Each structure stands twice: as structure tokens, then as C-alpha cells.
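Written out below as C-alpha cells is the structure these notes cover.
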Amino acid sequence: MANLTLVQAINLALIQEMEEDDRIILLGEDVGKNGGVFRVTEGLWQRFGGDRVVDSPLAESGILGTSIGLAMAGLRPIPEIQFEGFLGPAYDQICTHAARMRTRTRGAYTVPLTIRVPVGGGIHAPELHSDSPETIYTHTPGLKVVMPASPYDAKGLLISAIRDPDPVIFFEPKRIYRAFREEVPEDEYTIPIGEARVVQEGEQITMVSWGASVIQCMNAIENCNHSVELIDLRTIAPMDMQAIEQSVKKTGRCVVVHEAPKTLGLGAEIASRIMEHCFLHLEAPVQRVAGFDTIMPYYKLELDYMPDAARITKAVEEVSAY
Amino acid sequence: MANLTLVQAINLALIQEMEEDDRIILLGEDVGKNGGVFRVTEGLWQRFGGDRVVDSPLAESGILGTSIGLAMAGLRPIPEIQFEGFLGPAYDQICTHAARMRTRTRGAYTVPLTIRVPVGGGIHAPELHSDSPETIYTHTPGLKVVMPASPYDAKGLLISAIRDPDPVIFFEPKRIYRAFREEVPEDEYTIPIGEARVVQEGEQITMVSWGASVIQCMNAIENCNHSVELIDLRTIAPMDMQAIEQSVKKTGRCVVVHEAPKTLGLGAEIASRIMEHCFLHLEAPVQRVAGFDTIMPYYKLELDYMPDAARITKAVEEVSAY
Amino acid sequence: MPIKKALNISIEHVSILDENGKFDEKLGKNLIPDEDVVRLYEHIILCRHLDEVAFKLQRSGRMGTYPENRGQEATSVGAVYALEGKDWLVPCYRENAGLYLRGLPIEYVLLHWMGDERGNQIPEDLHITPIAIPIGTQMLHATGLAWASKYRGDGGISCTFFGDGATSEGDFHEAANFASNLDLPVIFLCQNNGWAISVPSSIQSSAPTFAQRGVAYGMHSVQCDGNDLFAMVKVVREAAERARKENRPTFIEAITYRLGDHTTADDARRYRDADTVEAWTKKDPLIRLRKYLDDRKLWDDKREKAALANAKEAVSAAVKRAEEIEPPKTEAMFNSMYETLHDELILQRETMRTSSIGQNPSEIDPAVSLHAQDTTD
Amino acid sequence: MPIKKALNISIEHVSILDENGKFDEKLGKNLIPDEDVVRLYEHIILCRHLDEVAFKLQRSGRMGTYPENRGQEATSVGAVYALEGKDWLVPCYRENAGLYLRGLPIEYVLLHWMGDERGNQIPEDLHITPIAIPIGTQMLHATGLAWASKYRGDGGISCTFFGDGATSEGDFHEAANFASNLDLPVIFLCQNNGWAISVPSSIQSSAPTFAQRGVAYGMHSVQCDGNDLFAMVKVVREAAERARKENRPTFIEAITYRLGDHTTADDARRYRDADTVEAWTKKDPLIRLRKYLDDRKLWDDKREKAALANAKEAVSAAVKRAEEIEPPKTEAMFNSMYETLHDELILQRETMRTSSIGQNPSEIDPAVSLHAQDTTD
């Protein structure tokens, strides 16, 4: 057991998996000698050498497309996209090839890769360094999308992602890369993809979130007079609807919290499914506390954009008074 | 008045706007001498010359990025992306630049362009020629997304899109390019972006759809014992929530129909908003009759994938029996 | 020297069996044994016949859009002949002739264009990736596959095929740049057939050659006559050696011509004149190969007839196999989405519904529609 | 001739004022009038000072991430000096010095890095596009802007700035290809500063030059010393003439060096050795310019001191303006989303909520929560 930050937990998972499986190759911009701009791959180039930890040319489609080729040949590439805002050039390779290769070839070719991407706002970063694009990839069949909210989960989920036979986008909430530490077992362990975590049980309101917003939810709950059940989705695609359904059937009320814009943010899918599955149990409309339908503003206004404890608390109070 | 197909209505709108406004330049693959692979730009190269109707190199990011530059300089480019499946390489320019330029520069620069893209399945086309990516662009603040379901609307909406000061994606449902004709006025007219059309009034169930699926809805309604109110969204972003709300508050029941995959398809947003706005009026959970959460299959199975009258009818019956 | 030369570069053009059937003995010597020339000629006859049949299948509604290879067969056939079985072929859609030579059963390609994913279920040992629809994207896969070969040290290389149009896509640039800078064994084989649908190659590049695209990456680059089987074998063999021995990529511009329409959905008469097509018809690889064989008494009309009869038999057997395959089951579109399907997908497959009430028919039971009654008043 | 030359090409390297201050009189003659050399030297002093101040602002938490321009100023200053006011400057983020020369008030760039969009609200007549964060993407805008100039016949051209790393992006390729094939007046100015964050330029291109990237497009390509103000002015002036007169693009590789960290978020000591940096420090454009001026008795320590004092005043006034601007209103993030906001956006702006009940507070009134009571039993 060690007391680790999220960055350290990911780093540890990478080291352990790379020790076990020499089919794993890391590639991306600055992942080598520099250890990544967030130091997530720190020490790996020194440990595993330049054949396995590769500084690539500055080209995201190239990183992803090449990774697809590596994966089709049976290796286990782990490409890093430096910031979520630079997924754009890789979008086409992800959606037209990584997501489709298995079904296009009826299983003759598969693309087992793990795409690591720091995500989300709150760190005073420049433009396009603070977005939350999970909708784009959740709407794309053939992918899995994961986002841990704690160091413990990060290690277990990343190991699952790496071992998964299908392409996984592993979103790393950069706001909590170093925000807190947690006990993380030295040994390898996995957390199944597709299983949510009940962070805290409650009776009156279900709250669903993922990534760094989970921390905002915990802050809101702390100063709240209602009994809130907080679910950390952990995996965004496929979604653990069972966990949500079970909780909402108990509470009858739900608040979903996310950073992405409201319109067609994941909250829309969660709310719709809750309506479909729990209609007769609902006491109030599911509430979405989300980013606004604006471009994520530059950092002077980013905290006005992002859901915080105050906005969450208000929604909780309103939904329970409904 | 002339009796036109959707292709002809678009062609006419392009001609009339180009006659009026010499800031308009068409560009794209095969839009010139060949008149586009669907003949939408037929005769335009011959009429307006190679300076205004330009066959570009085969590069979608290039087409979009160059169009953004043209638009920033005050021209009115109308790029064509040959099929929706090839929007991928243009995604980054659309989302990181076209959608952001106005707000990034607080209005100093704007990007008035109209991106024409044939969309959807049902024509036995090859892979990546049959998708429905409206979610991707509706979730991206800064864009407008339009999809006509008839020749009349196509002309009026396209003219509005061209004159709009912000970037508009104009999706053309290729399945109904030539499926039927309609009276279309010779003169120019506009249909406002953001206004839905009540195709048919009804009392018991609201049905919301757009593009080629509207035709499937009409087929379903024809053989249906319930009084269905059919709303053709026409504009996907921004959505005409007022029209939907008004209808659902009357009927209490709603079925949304679309070709895109269910998960985070636009149906999710519509269902969520209905729950938010009409909770106390809802008699049954909003139903989504959508594409499955699979890759759009090759054409032997495409009709199994797409919502048809039978699936819609079933949903109508079920939702009314609820 | 305040103005000095930073770089000096030249690119060669290779031709061995020219359009008049003139053969360069020096360059062509021992390049292809006689019996192989005969075999490859017969193979092209078969592919040409297949194109005819496929065209008719499409016209009679038995197949969807189909892209003819007619006139370009020497390019892919020469390339594949020069490669080894362990080398990856990473095609676009206009190199069927080469894929068949490698051993891909004809019905796979037919099934693909018949709208059936089983056409892409390529047997593993063939080292062929599926036909790539989005232009330019597959070259990056070739780069990755070559990287894997190098990483494993299995001696394999990759050869990726693409058109003149495809070189305009950013992915081409990134693939070539990765291959060169990471020292990967890739052959970039550009089939410059003059057209990208209706757009002439001069819009894709206004430079004197496409071969100079490779110069950007410091990559060995060469131009050749793509309708010349011998030139193709020579340049690809040299490129393969460069890849295998030095892990260095090569860019090859093979100049050829698309004699047919772009696909069956196209009508080339709309945008190009018959004279040019006519002129290129004379440069057909089959014509000059036949002359080569005739000159050497390796061929005669009887053998030609026999070859055509064989081709007809092979093609009609393949068509039969493609058409007689049982229709795909609807559930097939779900089953290979992931190795393990998630609950929602299983539910959709089992119910063939996305509407929640339909997925849970118990909800339609009037007994549970209490709520509905509660609120209507 | 079965093997013949398809192409022969060479690229020149231009240097006029070398790292030792040696000046090529023949090439440099009449290139820049003395008083302008003085002015540009003073300008670089100002920019250099700004970098120092900006660095400190970031370190003391008064500004976000900031990318220093230190050591590279001659590149953009020379280029902008050689252009006309109607020509578009399409920058990345490491050419502040050139933008200020054009007339962009310093506080715009400061505001940008202070996380304030008003820093991008660039006055129209400056013909400068906003700092581009996604690498490589802005070159396509330059292509479009140049196209508009050509279409309108307004005599303007575009010059786009980008790094060695940016040439690896597909968008660079597409921009250069469009510009060349559509005959557009664009200057592609590659600032090869040796690094893309921690990645050396050899990973972006293993070719002998970056200049040869332009060869791919049949574009005139040239390499020059980017720390040499005179060489910059010469090659950009020639490129501008080529663009204006012939609508032909040019690719320029300006060899320079990033003396500082990539940005304030970076620590270059992690990945490069001090010796190389030390060596490049001696090639600083300021040092050789000072020598040039000294040699010609155009400068002395007194003037240097005065220039620095002026710089300090100008920079601190700009910092003051940037810091004293009123904080942006929250509603600003809504107001410029579209020319006309749609209902949902107005509602979000008015309520600062996305949760529907919060947007419609009447819904919280216990009187309307009947439904809730109905179903809890």
C-alpha cells in the first residue's frame, strides 16, 4: 500500500503492465524523456527504453492511426493524446477505424488499444485544454469510455483498459491529477469496466457523476441536509444502468452532474434512461447540473462555467422540494 | 412554382443565392464539372465558372479550414463534404475553429459558412456512406444544425443557412434526394432556422423526427389508429423546444424517431427536455425509436438497423397502452 | 558563402516494357522468369474478366457500387509479386488484382461490394487488411503494422496502396512522416491513375511529379510506369529490400490510368474526353504483355482462349459462392461489436427494439398502466 | 532511356548577417535602411524585455501559461517588416515580436494568456488572426484568407507562422497543397527552433532540411538563418513578390532556436543539455544586430540604456492596461456564441443554471409538487 496521487497511480499501473506484457508500447508527444507534460509517464522511457516508450511526431491522427496498425498486428499500444482538445485530428481514425474494425471484419481484426487523454477544466489552462468530450465517443458504438475519479480506481481501471480486447478511451481528469492522495495497493488489481461505484449511500436523492465532478458532488453533499446517494459512474460507456436504476427506484429523485455542455451531455442519456426504466418511481424530473451550452471560456471565467458545489446544492434542494 | 425533388430544390437555392451574392463560393470534391456525386451542384460550374465553383483537392480538413479562412475574410463559402462519413477529417476544423471563432474573438471574427453534407442510410451505399452524425455537431456549441425533410423546406432552409452569420451544417437526407417531388416556389423565400413544423396535428401522441425518418413516421401514422401529432424538427440545433413542449403538454405521450444510434442520439436530449419541461403532463416515458447502438451495418442489413414504419407503429401502440 | 545549396535531389523514372512492347533487356533481365510472366498474364486476364462480370452484376442489381480495376492491374500485380507472403498488403479498393494474387478468394471482394461484412473476414495468414473506404486513412495502419513487424523482428514489411487523390489527405502526410522518422519498413505505392472520381490529378498536385511527395520526408522516391509489370517488380523489389535491410520507407509513383468509370455509380463521360481515354487504352498492360509473350513464343491464341475459359470458370464459381452464401443474420450486426457485449446491446439484439416499453413488454400490460390513469384527470 | 530523370531540384540556404556579425554587403545592400535597422533592434529589445516581465507575471500567479519568444524574434520581425499592412498575419503563438511590429497592442497578447478572450478581439485593420492553440490548424486559414484576397483582387497575401513540430500535422500538408494547387498567395514560414516542447526536430523530420517539405507541392522552397534579420527580410520579400505577382506560395524554413523553456509550464533542463543552449545563446539575433549597429556607429551604450528604459515603460504600461481591465462579466461567455442567441442559451445566461427546476423556480413552489405526493405512497 502506498499513498498515491492519481498521476502516480496511473504511472504505477503502466509500469506494472509493461513489466508483464512486452506487447505494450507507449507513444505520443513528449511521453519519452520528458515523461509527459503531466509527468504521467515519468521514468518509463528510462526504464523500458526508447523502443517501448516513443516520442512521436506531432500528429494526433498519426499517433492514433499508427496505434491501430500496431494493435491489428497484435501489440497493445497505449497512445497518449496530450490534451482532450487535440483529440480532434484523431477523431476520424478513432471513429472510422478503431471503433469499426472488429465489426467491419466480423472479428477477423481487433484493435486492442488504450487511448490515454487528460480531460476537463479547472486548472487555469489555455484554450482547448479544458474540455469534456465524452459524449462524442460515447455516442460512437465500438468504443469503451472510462474516467476514474480517484487514484485507486485509476489504477484498477487502467489495468482493465489495457487488458481489454477492445479500444478504450481512458480519460484522466487533470484537475485531480494531484489534488489528493489515496491508499493504492502495490499489487496489480482490476476494476471491471462497466461497473459504477456507490461512493456514499443515501435515501432521498440519487446523484450521478464521474471524473473530477465527483469531488464537487462530495463537497456539495457535505453541506447538505438531504440523504444523498452518490454514484461515481467510473465507466461512461457502457454505462452501469443497473446501479443507477436501483438507486433511483429507491430515491425517486436524481441529479446528474457533469462538466460537458448540457445539450447532449451524458446527462441527457442518463436522464432518458431513468425515465425509461424508472418512470413510475420518479418524484421529480431528473436534473442536469452541467456545463453551459457555450464554448468552455478562457480561464478567467472557467469556474463560472463549471458545475460547483453551490450549483449542485441548489439543484439538490430544488429537486427535493419538487 | 415548379414540381421539384429535394436535389433540385437545393440546386435552385444555390443558383439564386449565387446570383444575388458574389461572396458565395462553392468548394468540395467533384462539385465542379461533374456537378457533385449526387448532382446537387449540377450546372453551377458551367454557369458561374471555375472561380466560384471549385473542385478542391481530396482533403476534408483542407476544405473546411480553407473555408474558415474565406469566411473570416468576409466571403460566404459553401463547402461540400461528399458523404457524412468523411466529416471525420474535418471534425477538428469545424469544432476547434468554425464553432469557436466568434466567441474566441468576442465577435471580432465570424465564420459565416454553410457546410453541405449528404446524410443517412437506405440507399445501399458502401460503408461510411450511411451514417447520422447529428449528435456530434449538436453537442458542439457555436454551430447550427439543419436537416430538411422536403424539397420546399430544403430550399427555404438552405437560403436561411447561407444568409446566417454563423456556421451552419446543412445535412441533406440522401435517401429522399429524389424520393418525391413537391411544389417549390420559383422566388426566393426563407424558413427560419430554429422553427419546427407540425406536419400533422393530433391529440394522443406526439411524434418528433427529422430528415428522411419523417417519411417513415408518415408511413407509420397512415396505418395507425391513434391521433398522432407529427413534428418535423427541421432545425436540430437550436431545437424548437416550444413546439415540442406545446404538443406534449397536450398529448402526454411522445415517440422520437431517428436513424442515429440510440445512446446519446438526439432523442436523449429531446426526452430529457420533455421530462424537464412537461413532467407533470407525461403519461408515459418518452420512447426512442432509433438506430441500434451498433455500427451502421453494410447494406444487406441496413434496413434491419434503421427505424421503419413497423418499429414506429409498435412504439406508438405501446406508448398509448402504457 | 551566404547563399549555398542546402539540398540537391533528383528522382528517377523507371520503364522496362514500354507501351509499344519494347523491352529493355538490360534492366529486365532475370527480373521475372518466363513461366511467371505467363502466370501473371493469365492472372490479369482473369481479373479483367472479373471486372466485366462485376460491372454486370451491379447493373442487374445483384451487387452495389463496384470500382473497376481495369487498366491498372499491372501495378498491384507487380507489387504483390515482388513481395513475400509475410508482408502486409494494406489496400484501398483498386488493387483487387494484387490481392487475388496473394490468395484472397475472389468472393471476399464481391461480398464486400454486395454489402456484406463477411467479405472483410480475411483469413489471417494472408496478411491483407480490409478494403479501406475513407481515403488515405489506411496508410497509417500500414505504418503501424510495419512498426509491429520491426518491433517483433519478424522480417515482414508493409506495402500500402493508394491513389493520386489520396496523397492530398493529411493522413498520407502523417503516415509517410512517421514511417520516415521512426525508420519503419513501409512501401508507399501511389497509383496515379490520373483521376480522383472527376477531379484530374493536376488538382491533387500541381508539381511535376507525385514522386516528389516523398522528398518531403527524406524518403527514397521513384517514379515508374505503372502499366509496366517489369518496372513495377523492379521498383517494388528494391523498395522491399530497402525496407527489410534498412528499415527505410520508399515512395513509389506508379503512373497508370483508370480506363473505366470511377465506380459503377460514376459516369466518366461527364468530365473527360474520349480521346485521352482512347490513347491510354493503347497503353494497357495486357496489350504489351501479350506482345512480350508473343515475341518470345510463350503464348498463342489457343492458350489465350484456354486462359479466358479458365477465368470464366473461376469467376463464375466465385460469383456463385458469393451469391449462395446464406443471408447474414440480423444479430450479426450486434455480435461483433465487442468481444463481450454489454447489457444494453444484448437487450437491443434480443428485442430488436430501442423503445424502452417495447424492450420490456410487461410495461404494456394494462395492469401496470395505473400511473397513466392517475395523472389523467 | 528506360531510367531517366523525372525531377532535379535544389534548395538554397540564405545568410547575410551571420552569427559573428559578419555582413554580406552584396546581398545585404539596401535591404533595410539604417534607421529601420535601429528601429527594429529597439523593437526586439522591447520584446525581449516583455518576455522577462511576462515570465515573472506567470511565476507570481498574475498570468497563466506563457510561451517565451526569446531568441527567435528576428524571424517574425523580419517577416512582418517585409510585408505590407494589408497582408494577413496568421500566427501560432511564438511570433509576438512580429505582431507588435504590425501594431498589435502588447496587452492583447497578455490578456490572451491571462485567460481573457478580449485579448483576441483584434482590431480589424491589423489583419492579424488570433493566436492559434491547436498546432498546425491556422495554416489552412491563411490559405483561405489568401484565396479571398485573390478572389477580391485586393492585392493582399497571407503569411502564416508555425513551428518545426507543426509541419508534422496533416493540416500543414493540406494547407500547402491547397495553396500550391489552387495558386494562392501564401507564405509558409516555418520557424524551426529545434524543439516541439521536449521533442527534438529530428523526430518531426529526419530529412536533411525542413525546407524540402515544400518540394512535395512544387512550391518554391528556401532555407535561411532565422536569427538573421537581413536574411529574413530578403527571403520574405522575395516570397511576397512571388505571391503578389504570380499567386504562388513559398515555403521558408527559418533556422532559429528556442532559448527559453517551451512555455512557463515546461522545464527544458529535463530533456536538453545546457551546452547546446549555451552555443545557441551566442547566435542570438540581438548580439549580432548590436554588432552590426556598433560597426556602423549607429548605436552606443547610452542609446541602449534609453531603449531599455523605453521598453520598460511601454511594457509596464501594457501590463497595467492588461491588469486593470475590468473583470469579464460572466454573461460574456454566452453573448458571443452566436449573433443571435437562441432561447435555451438566453435562459441559461439569465438563470446561470442548467437544472430545469432551477431555471423555472415556480416549479419549486410546494403548491405545484402535487405530483410528487401522488406517487409516494
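Order as written gives the chain letters A, B, C and D; numbering starts at 1 within each chain.
Heads up, the rule we're going with is that contacts are C-beta pairs under 8 Å (C-beta built on N, C-alpha and C of every residue); 3 or more make two chains touch, one makes a residue touch a chain.
Quick caveat: nothing in here was measured; it's all calculated off a predicted structure.
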### Query
Which chain's centre, taken as the mean of its Cα atoms, is farthest from the centre of subunit B?
D
### Task
Would you mind pulling out the distance in Å between where the CA atoms of subunit B average out and where those of subunit D do?
37
### Query
Using CA atom averages as chain centres, what separation in Å is found between subunit A and subunit B?
30
#### Entry: Shared interface positions of subunit C, touching two or more other chains
117, 134, 168-171, 174, 177, 181, 203-204, 332-333, 337, 344-345, 356-357, 371, 375
### Query
For subunit A, which residues are shared contacts with two or more other chains?
56-57, 59, 61-62, 85, 88-89, 92, 96, 103-104, 127-128, 141-142, 263, 276, 279-280, 282, 284-285, 287-288, 293-295
### Query
Quick one: do these chains touch in a line, a ring, a star, all-to-all (complete), or other?
complete
### Query
For subunit D, which residues count as touching subunit C in their complex?
2-16, 18, 24, 27, 168-174, 177, 180-181, 183, 202-209, 211-219, 223, 231, 371, 374-375
### List of subunit D residues in touch with subunit A within their complex
64-65, 112-117, 133-136, 165-166, 168-171, 196-199, 203-204, 265-266, 270-271, 327-328, 330, 332-334, 337, 344-345, 348-349, 352-358, 361, 363-364, 366, 369, 371-372, 375-376
### Task
Could you pull out which subunit A residues touch subunit B in their complex?
61, 85, 88-89, 91-92, 95-96, 99-100, 103-104, 127-128, 135-136, 138-139, 141-142, 237, 260-261, 263-269, 271-272, 275-276, 279, 282, 284-288, 293-295
### Residues of subunit B that touch subunit C when the two form their complex
29-30, 32-35, 37, 55-62, 85-86, 88-89, 124-129, 252, 255, 262-263, 280-285, 287-295, 297-302, 304-305, 307, 311, 314-315, 318-319, 321-322
### Task
Would you tell me which residues of subunit C are touching subunit A in their complex?
117-118, 120-124, 129-130, 134, 137, 139-149, 151-152, 158, 170-171, 174-175, 177-178, 181-182, 332-333, 336-339, 342-345, 356-357, 368, 370-371
